[in-house]
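Next come two complexes, and both contain chain A; in the first it sits with chain B, in the second with chain C.
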Partner chain A sequence: MDLKDKLVSSFLAFENRVDVDAYVHDVRTDAIKIFEEKGFPSKKDEAWKYTSLNSVLKHDYSLFPKQEDALEYRDVKKYFIHEIDSYKIVFIDGKYSSHLSQTTHDGIDVCLMSAALSKPKYQLVIENYFNKIASKDSLTSLNTAFSSEGAFIHIPKNKVVEKPIQIVHFSSGNEAATMLQPRNLIVVDENSHVQIIERHQSLTDNPVLTNCVTEVFANKRAIVDYYKIQNDNLTASLIDNTFINQKRESVASVHTFSFGGKLTRNNLNFFQNGERIDSTLKGVTIIGDKQHVDHNTLVHHIEPNCESHQDYKGIFDDSAVGVFNGKVIVEKEAQKTNAFQANNNILISDKATINTKPQLEIFADDVKCSHGCTIGQLDESAMFYMRSRGIPEKEAKGLLMYAFSNNVLSSVKIPEIKQRITKLIANKLGVNIGFDL
Partner chain B sequence: MLKIENLHARVEDKAILRGINLEVKPGEVHAIMGPNGSGKSTLSSVIAGKEEYEVTDGSIFFEGEDIEELAAEERAHKGIFLSFQYPVEIPGVSVTNFMKTAINETRKAQGLEEMPAKDMLKLIREKSELLEIDRKFLSRSLNEGFSGGEKKRNEIFQMAMLDPKLAILDETDSGLDIDALRIVANGVNKLKNENNAVVVITHYQRLLDYIVPDFVHVLYNGRIVKSGGKELAHELEEKGYDWIKEEVDAK
Partner chain C sequence: MSKYTEDDLREELKTKEYEYGFYTDIESETFPVGLNEDIVRAISLKKEEPEWMTEWRIEAFRIWQGMTEPEWANVRYEKPDFQAISYYSAPNKKPKYDSIDEVDPELLATFAKLGISLDEQKKLAGVAMDVVVDSVSVATTFKKTLAEQGIIFCSISEAIKEHPELVKKYIGTVVPKTDNFYAALNSAVFSDGSFCYIPKGVRCPMELSTYFRINQAGTGQFERTLVIADQGSYVSYLEGCTAPSRDENQLHAAVVELIALDNAEIKYSTVQNWFPGNAEGKGGVYNFVTKRGLCETNAKISWTQVETGSAVTWKYPSCVLKGDNSVGEFYSIAVTNNYQQADTGTKMIHLGKNTKSTIISKGISAGKSQNSYRGLVQIASRAENARNFSQCDSLLMGNECGAHTFPYIEAKNKTAQIEHEATTSKIGEDQIFYCNQRGIDTEKAIALIVNGFSKEVLNKLPMEFAVEAQKLLEISLEGSVG
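And now, the complex of A and B:
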């Protein structure tokens, strides 16, 4: 039985196991129908032209891993930004780990999707927001059909959440192959501010496929900073579907750090439903081997006087493949839009590939839109300059690559995250960047 | 200290150096002059170890060791420094961090511990004062948006920080106004002592009024065709290079 059939046929059993709320039940049932009809995307779909899921769909994934809550904090501490106090919502193989987590209901809700979906007090929020901006494509629908667990964050108005919130998904390797479908809902009301760090971390060489959906609602004048730290091993694959709905004068940013994984696909979608909205999409990708990272972004400018800033950097070694497909739509009403997009890439090896495709659809006439992409090698004259000062080849390369991705890091607001990412980059590049930030 | 014997080098298929002989002893200042395209910058790049250039014949000895097989960084670790004619811009790496990395990598190669932060700061302060460099300048990205003069001053600042045995100054005077020229020359002179040596590569005599050479060599068509004392530089300034070209071409 292939994965699609397995998923569809297990849907009824799944629905019987979770609490069946009438509203969510209908949403799930509609969603599984969409998935059943569309199936997994293939290279025939324009949006999947450069990314094939074949190699990740062939495993016999366990869809509902049994609970194995065996991780000790000291063993996984390094995967947290532990230098700062934070709320934590931690999952192991898709199951909530209460002893690694620190949730709250004190003025804000930082808790579990399973609770939000089943408890009456969250019913209104769920009915107003759940699955309201997630697209109806096959993978998102698949997640919707099986959505039962993930992070639920609701920040009522006028709250500046001082501590960042870390959402961490571990996979333990207890099963030969695991498929995870976390579902997150983040609602940030008027004038509130929240910072979120999401990490997908496989602790095993057993294959893991994560099909994650996150809906973020940044209401009037809200500020949302979202940092994504993705897989770093060779057997974990991630399809991340994030949808951000912004209201008037809100500011939202997503920084995505992709330092590994077998296959990573980021579907990042921003919808600007209001005036004077600011959206930032940034990413650093550093991969090698046969790894594959695909950034598929959409910024939908719907109303006037808004901005969007996209800046993606990629460093590709060995036979790695990168894809950047950046779509910007500026509706006719969205006059005075400023939309910027940049995608810069360095290919270290002759066998590495990058496919980059800006896609601008502009229906308004008074806008500033720009896009640019570059593909290059490391600057030889810069290499010689550094080496002539006594910096060995490897360190010089590392320093140049660090410098290359530096712009993206400059907009990271939390110093501890910036430092952590710098270290991850240095480790990834195998160099000791001989200085602090 | 530096001994070059019958050095031939080419880039791609083009022979540029065609038999250079040169010996530089500790405490000496040598000037290498010559018309454009004579091979001056190639010579400095070959000594510093730029891989694009292929040595086809001859040898370069540094303190008695043949350095042909050494990488650029290994030559730097032995005490060879090249001040670039066109310093490269490296966005995202500050002057200070670049120097810290360069010094500590050099120390590592020499089997020394990293320089303590306190000593590093002291050294930076001392040497930036010598070159009259503003502290704010040191936190800027290396050479990015620097004026021509700032770039050259920054080269000599790096030289002061690294304290090389042999410094090759490639067209350090180009793009400098008279004040910057004086600051740069003054810096070089203060760093000069009986144990180190300087090779000044220049098209004009101007810099040699400030950094006075013991020997002047004229490079033409990839060979040193004439050597003399500092008066040779003055003669070239007055008469240009044509008489040398004629003399050589007549042979």
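And now, the complex of A and C:
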């Protein structure tokens, strides 16, 4: 039985097991129908032209893994940004781990999707926001059908959340192969400000497939900073679907750092439903081996006077494959839009591949839209300059590549993350860059 | 003079009718509508083709039957009914004219209206013309001069008869029968086209040119062009098109194959001004063309196109850079107005070492039109030191039109250097103001800016064509501007 049939047939059993109100039940039932009809995407779909899921889907995944062994904090400490105080929502094999987490209901809600789905006091929020902007494509629908657990964050009006929120999904590897489908909902009301760090981590070499959906609502003048750290091991694959709905004068940014994993697909969608919105999408990808990272971004400019900035850098070694598909749509009402998109790549091996498709669809005339895309090598004269001053080749390369990805880091607002990423980049490039930030 | 605004311009564009919309009544010999193997055989028989060609067509037809019409392009149109088209139409009163005087006078009048009187062209421009009206070549000039140099320039049907070894060797090598739906269709039913062969080391002394016209109502046009530049030769080839007004949609599915052998250079320029449909988007030509060139070692192929006509355009002149050090170029201006839709661009396939390609594409959309650039730059794993530069600029006039870019970039070699840039803008108020301030009225200012925007591409056209191209830009976009 292939994975699709397995998923569809286990839906009924799943649906009977969880206790939910009628609203979400209908949403889920509709979603499984969409998935059943469409199935997994193949290379024939334009959006999946360069990414094949075949190698990922062949495993016999366990859909509802057994209850986890408790993890000790000291064993997994390194996967957290532990230098700073933060709220934490931690899951092990899709189940909430209370002793690793630190949630709150004090003024703000930093808690669980399962709680939000079942408790009457959240019913209104769920009905207003749940599955409202997630697209109806097959993988998102699949997640919707099985959505039961994940992070639920609701920041009411005029709150500045004083510390970042970390969402970490561990996979223990208790099963031979595990499929996880976390579902996150983040609602940030007027004038509020929140910073979120998300990470998916597999702890063993057993294959894991994570199909994650996150919906973010940034209401009037809200500020949302989202950081995604992807440094999983070589048997873990991630399909990350993020949908961000922005209301007027809100500012949202997503930074994606992809350094690991077997196959990583980031579907990042911004919808600008209001005037004077600012959206930032940035990413650094440094991979080797047979890794595959695919960034698929969409910025939909619907109303006038908005801005969007996209900047993705990639360094590809060994037989790695990098894909960037960035789409900017400017509707005809969206006059005075300023949309910028850049994608720069370096190939350092003969077997590495880059496929990039920066796409613009513009229906308004008074706009400034530009995209740039380069594929190249390290500057030889810069290399020579450094080597003639006694810097070894490896270090010089590292420095150049660090500099290459630096302007993505410059907009990271949490210094500890910047430091961590700098270290990760240095590690990845196999050099010790002797300076701190 | 009262203030001329962009709105005025838009108004003018709406009402500007197609100037070349007329219909010449020439008695044509037309096949019954529909397509089956018998029709394919009949076309082949009609053209007095050898057995291998007939078989080649039949094979293409069988392949075509198994294919479906592509839908990935960013255009929307009513699909043509392939069984409602007549696949062969030739001007009557054949065959072969020895001198221009014998040509049907009505036909000559048509050419005069287009401003391409053969006599004049012959004397003034020094251009050899292989004039194609409804698929059959009626006059070939300067053949003698060319023949002295060993250059073969004739219709493809003539080439099939007289130079079968060349045609057999090269036809379908760059655009195989299986390539796509329209290429397969063309391979099965192509009625005529041009053939050109430049021998080793010969530099073609004049610009070769062909004019296409679609004339007979309900006639699909399936041109086939094959240009072969042997080692170390050079040729510049011009292709220009205008078509009369007609209400029903006409289909044009041409195939152009260029072969540049070692050290050869081919420059292929197109000006396309087929009937774009009227202001309501009714009628117009469907232009589904497959154009591709193959570059051997040190060879160079350069495509230049000015696309102003057709209701729907679907065209990607491409270069396969197979040989080391080969060069591919693509310069394009695509103008769409009213309800026109264009999905055009190029493919640069880098296979050899040190290959270079340049893509400059300018899109201008006005009215309710949609203009897309779709391009592919592919660097194969063995293409060391490949270099590509792409630039796609779009100019929007009004907020009912759309500009789209779909650049695909695939790199499999670490030494590749690829740059891609795209911008979208409108004519800036400050630019107009600057001109106004210096005493240039808005009308002239817009003309100036549009011209400047397209200059990079216009410059690449041969002299004879540059003038005509500017004229076409005026007609399709500028109204009375300039």
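Keep this in mind: the second predicted complex is superposed on the first by the 435 of 437 C-alpha atoms of A that agree within 3 Å, B and C clash if a C-alpha of one lies under 4 Å from a C-alpha of the other, contacts with A are read in each partner's own complex, and residues count from 1 in each chain.
Here is the rule we go by: a contact is a pair of C-beta atoms (placed from the backbone, for glycine too) under 8 Å apart; a residue touches a chain by one contact, two chains touch by 3 or more.
Fair warning: this is a prediction, and the values are worked out from it, not measured in the lab.
Student: Check chain A with both chain B and chain C modelled on it and let me know: fit or clash.
Tutor: They fit: once the shared chain is superposed, the two partners occupy separate space.
Student: Comparing chain B against chain C, which has contacts with more of the residues in chain A?
Tutor: Touched residues of chain A are more numerous for C.
Student: Does the superposition put A:402 against chain B (first), chain C (second), both, or neither?
Tutor: A:402 contacts chain B only, not chain C.
Student: Touch test for A:390: chain B only (first), chain C only (second), both, or neither?
Tutor: In the superposition, A:390 touches chain B alone.
Student: Given the touch rule stated above, what does A:359 touch, chain B (first), chain C (second), both, or neither?
Tutor: After superposing on A, A:359 lies in contact with chain C but is clear of chain B.
Student: For A:370, decide between first (touching chain B), second (touching chain C), both and neither.
Tutor: So A:370 only meets chain C here.
Student: By the touch definition at the top of the document, which applies to A:16: first (chain B), second (chain C), both, or neither?
Tutor: neither
Student: Given the touch rule stated above, what does A:46 touch, chain B (first), chain C (second), both, or neither?
Tutor: A:46: touches chain C, not chain B.
Student: Is A:379 touching anything from chain B or chain C once the two structures are fitted on A? First, second, both or neither.
Tutor: first
Student: After the superposition, what is the least C-alpha distance between chain B and chain C in whole angstrom?
Tutor: 15
Student: With the touch criterion stated at the top, can you tell me which chain A residues are shared between the chain B interface and the chain C interface?
Tutor: The answer is that chain A has no such residue.
Student: Residues of chain A touching chain C in their complex?
Tutor: Checking each residue of chain A against chain C gives 46, 50, 332, 335, 345, 347-377.
Student: Give every residue of chain B touching chain A within the complex, in rising order.
Tutor: 48-52, 71-73, 75-77, 81-82, 84, 87-93, 97-98, 100-106, 109, 114, 141, 158, 162
Student: Give every residue of chain C touching chain A within the complex, in rising order.
Tutor: Interface residues on chain C, with respect to chain A: 72, 379, 381, 394, 396-426.
Student: Mind pulling up the chain A residues that touch chain B in the complex?
Tutor: Going by the criterion above, the answer is residues 379-382, 384-393, 395-396, 399-400, 402-404, 406-407, 433-435.
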